[in-house]
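Shared chain: chain A. Partners: chain B in the first complex, chain C in the second.
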Partner chain A sequence: MIVAAIALNTFREAVRDKILYVLLAFGTLMILVSRAIGWVSFGGEDKIMTDIGLTAIWMFSGMVSIFVGTGLIYKEIDKRTIYTILAKPAERWHFLLGKYLGLALTTLVNLLVLAAIFVGYLWLCRAPVTLALGEALWLTFVEMLVVTAVAIFFSSASTPILSAIFTTIVFFAGQLTKWVVDLGAVLKDSHPWAGKVLYALYLVFPNLHNFNIRREAVLATQDRLQMAIPANELVACTVYGLAYTAALLLAAHLVFRRRNF
Partner chain B sequence: MANTSELAIRTRNVGMIYNPGLFARRKVALRDLNLEVPRGSIFGYLGQNGAGKTTTIKILAGLQFATSGQAWIFGLDTRDSRARRALGFMPENPYFYEYLTAEEMLDFYGKLSGMDRPTRRKCAGALLSQFGLAHARHVPMREYSKGMRQRLGLAQAIMHKPPLVVLDEPMSGLDPLGRRDVRNVILSLRDAGQTVFFSTHILSDVEDICDRVCVLNQGRAVAEGPIGSLLTGKVIEVALSASGIPAEGVPELKPLAVRTWHDGVLYHVLVDSEAKAQTAKGLLERAGGTLRSMQPHTESMEEYFVRVTGAAGAGAGDSFGSGPAETAQTPQETEVRA
Partner chain C sequence: MQGTANSPEVAQWVERVARNASGERLAQWGYTLYFVLFAVGVALLLAFSFLPDERTPDAADTASRRWLRRLSRARWYLAHSGAIILALLCCISQQTGVDERRGFIADQDKRYEKAIRQLAARKDKQEALRAEYLYIPQGNALTYMSLGNTSIAADYVWLLSLQYVSNSFRRGHKFDMLLRFYDTVLDLDPHWVEAAINAGKILSALEPNRYAVEKFYTNAILKNPDDWRLPYEAGRLFVVPPSNLALQADYSRRAVAWFNGVITRLKRRLEKTPASSPVAAGTTRQIKEIEDLVARLAVESGYYDAADELLWKAAHDETLPKAMRNAAATEWLNAHSLVIRTALQRAVDEHKKRTGAWPADLRPALGALKSVKMVPFDENGWPVDAFGFRIEYDPASGKVSSRGVNAKRTLQAASIMNALLDLYRSNNGGEAPRDLAVLQTFVRRFYGNPANPPGPAVLDALGADLNTIVSPLGTPWEYDPKAGKVVLPGYCNAKVLFRNARKIVGDEE
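What follows is the complex of A and B.
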């Protein structure tokens, strides 16, 4: 009950914040102009529209996670609202988990709203709406669960500006992990240490590239039930995302549990 | 030592050192603090700014962890969340979520305290009426004045009827009517069998409502006990006023008195003991004066506070204002190099 109360309060805080609506408006705008960009391109209007729409949802969901998430814990400490919460019979992990779930719910609602606009727009433009899109949106949500956990982790230990910088770095570095490990493999023989460092980076940073199946989803337009990736891969990516999230929340808890306020 | 089962709060050798890093400057906020707060009492916690009052309260509320010693609430370690079931807490200058209305805020805190929905609604309505906030129940907190926030802070602290209520400067920033209301709430809590532990700068309130007090100075408890045992009623000054004395006064009184002055009608003499007052009375009558009044003055809480904290110097003027009371602390005592 305590976790749910804190989560719902966090969600309420987010939906009463103007930044969410600004991000939603820009996301919607990007989805709507995707058709026009398709017109000025050479062929494949539907594919460009789908590609831009999925990218807009990914990008603006990421922004919600980063910009709302990184200030969450710090704001509670800075404004001293945390005093009255932690003085209740709440464990510190209740507070962290509640904040996390509240932000995850905000991200989910944001993603669902953008997804509904996107799918409705595809349908209006008679572009194919496939199961592969659902897969891509699901993995975008799992990716946002990880990014939100990264934001909470940094927010529990530093200021909003630093948290935003660190989370943004992780957000983009996480997209490059596949290339990092490939580069490490190439350098393994000529520069063994560089190879090891790159492999270590690959292990530490979340492999957000795993969740990017937007290209596969765009290409899977022959059949409405065609999948972008097989179901077992989808499950494996989901389990990886949830495990990484759990590890980050545990790390945030370890930082937070003995902190003095 | 009192029977521990009769204690609402107990601390044993609690110490708190801030920033105990390898090269960081350390500040000793509390040292060997031993407190015993009996159940059902009103306990006043006094000290200059920076004496360690808020640190103690934060340790009790589970917001900070003592670097040494231990603290208990009704026998449960304050680090245990079960101890906080028995606790209602209001921080100094309470802050709340600006986007919540008073009703939503009380509902939120009620949920955190484990109250069910019907009880939350009933209690929130009753408290908002009791604190004169019923008209503003749907107004977002950002539009609340400081006094309204203070009252709401008190409401959220007592909403779940905790057996122990800890208040950090509950009278701070309130007008006289607001202070009176808070005093009445504290008294009504005691009447209901609850224990109230509060810090304050307003010593007259302490004298009026507290059963026991503790005076903290530079992180140490320098006095603790029932008000009656601390303020012994001993006469510390006697003020005499006489008419019929010429403007130049009575020269024989000058070495005896703390102060003498003539206001044009009456001649006033202030002496620091009852024996001296009798001598002064005789001298006044011998000089042809008529004694109009002779008022003994016993030690007030404020005078007691100044005496035990040694705050009569530079720090005293600031201790109940906004200045840094840390100036009263010696560097050797408050800061040590690791």
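What follows is the complex of A and C.
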């Protein structure tokens, strides 16, 4: 109950944030412009349009998670409003989880709005729409759950600017962890230990590339197929995302419970 | 200027002058507007400096004083507006200066190309090509740069390649890097088949070497082994006759090989599709159409037996449209006649090898026809080709020939001959050539220009030496100088020649 109250309040606070609307407007603009970019092409107009739309949703949802998420806890501490919350029968984990769920709800609403505009626009332009797009959007949401947890983790320990920088680094690096293993293979002869270290890093770092099935979804949609990846793979990616989110929130709680305001 | 008052050159010149004049008028209006705005900006600033800063009303004020006080309240608005206008004018002035020095994107592109040309002149061509290559990031680099969003990176390279093609026309048709662009697109999005198909089409339009384009398709097919569209396009590459007719048989063989691959893939797809679905009907139709194409190509590539079987099947397929069955039957007459002729020729050659002499007639070779289905014989026991003509044999040279096959070729060659006679007339004031030797001189001179080589149809009809004297029948063309047309023997008539095809499809009158 307490968690739900904090979450709803966080959501209300986030939707009042101007940055959310700026990002939403840019995301919408990018989706709408995608058709014009498709026109320039010789063939593949629908594919280019779908590609740009999915990438825009991913990019702007990521920005919402990073820029809105990293300021939330700090703002409460800075304005001293956290005292009024913690003075009530609310534990610190209530506060942290509430903040996280509120932000996740904001991300979900943002993603749903952009997705509705995207799918509506595809439909208007008579481009193919299948459930494969839903798969890609679902995994984008799961990815945002992880990114939001990363933002909350840094936000519970640091200032908003540093948190934004760290979360952005994790967001970027998380997309490329797959290639870290390849780099280890290249360095295997010259630095035999490098491969092991890089592999360990690969396992520890969130592998956000798992959630990127945009290429598969676009191709499946062009071929009028309903599934971009098999259902068991979709479930595996979702479980991976939720487990990583839980780990990050626990780590955030560990830091936050020892923090003095 | 050589043109008359109404000539297109004059019209173009007038249009150009008018366009320049309108451009100049626009520029003059622009300057006027610029100075008007400048004056307004300065006036607003002057008004700001001359208006007294008197806001507090006084009971003793006169009417004019009261107006001045009211205006005084807007003093800062005037200052801001004037300053904004002047600042914007300053920006415009600087921007036009920068544009003049740096130019727009097209000018920048031209400067870049100039630099590349200078590099090519100074160093070697490879160096210039390498410098140009820096323009396109590699597939791997783009994967990292796009944070793993390879699909959108492929879109970017694809759009870049289209820009490169359009710029290349301006550069004088240099497409050195096109293949690199397309390979990058394939690396980034290996399953984007539509792009691979379009890339192949662009390449085949710009790259005269079909085998180089085929390599690109092979690369794409390796990445999409189950997709039928790519081998289909690869096959289509070789359906267009080559400019070098010596390659025709190889072209057809390659096309047949690719199309057979398409049929296999389509059949595999058909097995997975429910029989009642519209996709299944479409796929079946596609298979039949490609089989028909394969059959025709098989004739050109020398696979007469395969063509014979496929065309016979197509000619009797009730599900195919009548026109398609008719065409298949016509081609079957040719293919089947070629099967008969080839079997007999082989037997005659073997006889010569065995005895050292050509047989006096075809009797010793007739045994070879046992392996051929449906060989008609005339009342004298002499083999007849599918068109209904006796198989011809020359004991002096040992050459077996089918009159029907030759007549079909002659019919096609005659239409080319008549077109060349028309061309001669239009180049010689409507006069027809006196004889075909005159036409031959004209044709050889006409196609002797390297910029105007003969097309595949002309080469096929006249041969590489552009011979307008001898017809495919092996005899000289009969020519009517009054009509300016070649005259064909009575049997070289489509109605007579293809009467057996009409019997096959049940279309006999």
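FYI, the second predicted complex is superposed on the first by the 254 of 261 C-alpha atoms of A that agree within 3 Å, B and C clash if a C-alpha of one lies under 4 Å from a C-alpha of the other, contacts with A are read in each partner's own complex, and residues count from 1 in each chain.
Note that in this section a contact is a pair of C-beta atoms (placed from the backbone, for glycine too) under 8 Å apart; a residue touches a chain by one contact, two chains touch by 3 or more.
Quick caveat: nothing in here was measured; it's all calculated off a predicted structure.
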item	value
Touched partner set for A:44, first chain B, second chain C, both or neither	second
Partner chain(s) touched by A:1 [first = chain B, second = chain C, both, neither]	first
First, second, both or neither for A:196, with chain B first and chain C second	neither
Which of chain B and chain C A:224 touches, first, second, both or neither	neither
Partner chain in contact with A:55 - chain B first, chain C second, else both or neither	second
First, second, both or neither for A:81, with chain B first and chain C second	first
Partner chain(s) touched by A:90 [first = chain B, second = chain C, both, neither]	first
Footprint of chain B on chain A - complex, ascending	1-2, 4-6, 9, 12-13, 16-17, 79-91, 258, 260-261
Complex contacts: residues of chain B adjacent to chain A	18, 58, 61-65, 81-82, 84-85, 87, 89-91, 93-97, 99-100, 104, 108-109, 111-114, 153, 156
In the complex with chain A, residue positions of chain C that touch it	143-144, 147-152, 155, 158-159, 162, 189, 191-192, 194-195, 197-198, 202
Residue numbers on chain A that touch chain C, as the complex places them	37, 40-44, 47-48, 51-52, 55, 58, 172, 175-176, 178-179, 209, 212, 214-215, 218-219, 222
